[in-house]
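Here it is, the structure, as structure tokens.
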């Protein structure tokens, strides 16, 4: 995972989202439970699409879904209850049926990266078969 | 909520399910986060149907869903990480389009009730319109 | 639950929070899973305290926690993925060791109430013993 | 991730856990939400320790915690509501302050691997400082 934030493909743009840590997201270690960072990744990529004038809701309505086929996350410094977080997301087109998003979760008070990760998504139709991304979606990544 | 475990309608049978508290279900207070008891209620009513030879999955496949329209829960003693819990569920038919489930979450090591609650469900079709419960489902409650 | 939004005690003020429905919060019925409304209640009461110049994080740091001892929620119209929600929260002092919060979850696009609920909290110290609310916290409710 | 189930270090033993997919764990795509597989990983490693005669609860009580510092998961075939899953977990000692767990989530009805993943954990004391694993814990991995 050393090089997980180095892309072979040029990244189009980085979008920032915000989230405040909910009590529900903590665990008895007093920090955020590790699976919850993946939910913030989802918030990040949804906003990445939205800020390009597109919603994932619309994409689904058009019959295309982007299930995650791979995720990685590296935890660097724990986020805690009530922390104000910035989610920095960038997107990369891997092929006509694959996209990748890269994320950094940053504690705004300190600027420190709490976690960094990546998701890879397949483009499939409602029956689960591979489906080429619509041109207007591909264009968002370029 | 004093009388939430007293029914006007006779209850058919009580079904016991088991769950062990996951780390994910705790919060930084060192106990189970309050919303997670509702997930155990769901486990309880699913098993209640299953033990009657019926699965909620089948019910949905037949075009009927039972969304929750009301929930109550009373928290008596916190459940903790790794606790072995028993979920005691009973079901009551309120009308041809309403059912109720009552739950107790018991810590098996001590027999103490950690929480007690109730859900009320509407019977609706896939378009969200009220739909009379199929006879074979109604029969489960009698 | 008919009268769950009528208080015997006068309510001090109503605070509005916002949340957008995450994909993680939906279930296969295509709507928000019922337990997740309780997480928004938590967001609402945290903001209610914050807007009074107080944080729940500070309260905990001072040795007082407010575990939920009772919750009710009535589900009126399902919230869906990507919905923009307003959480309307008001607080009531029930006694020196009990507080209550009332909530409405409203879909901002339509103004329709998706769900309404209530939580009751005990004031306890870090050992779980009842502890009188500090005066500066009691004052927030008046 | 092609080789994520090939270890440089010999694995001691594989432990099987079971989980049934809860409605709460699905999303509106009709399959399990991707973050929830990480919760099953937690169930798996907890059982791996338990079957060695050790509980993670005891480890924490002794002042050592094992936070996740890295996770990977590859999603192969979606798990669905009510699926009966087997979680296959193996553990590897990476160093005196690092352990790794590898997981496969298998649908029991078909034997198909739904997802495979890995977590890496640091051994730290309650203040968050690196702490050598106790000998009796190290021994579990050998």
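A, B, C and D are the chain letters, set down in written order, and residue numbers restart from 1 in every chain.
The rule we apply is simple: contacts are C-beta pairs under 8 Å (C-beta built on N, C-alpha and C of every residue); 3 or more make two chains touch, one makes a residue touch a chain.
This is a predicted model, so every value here is computed, not measured.
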Shared interface partners, meaning chains that touch subunit A and subunit B: C, D
Most distant chain from subunit A, judged by the mean position of its C-alpha atoms: B
Distance between chain centroids, defined by C-alpha means - subunit B, subunit D (Å): 29
Inter-chain centre distance, subunit B versus subunit C - centres from mean C-alpha coordinates, in Å: 23
Mean-CA-position distance for subunit D and subunit C (Å): 34
Junction residues of subunit D, two or more chains touched: 23-24, 29, 31, 35, 39, 42, 81
Subunit D - residues contacting subunit A, complex: 1, 29, 31, 34-36, 38-39, 42, 65, 67-75, 78
Subunit C to subunit D touching residues, read off their complex: 23-24, 26-31, 33, 35, 81
List of subunit B residues in touch with subunit D within their complex: 22-24, 39, 42-43, 46, 55-57, 81-82
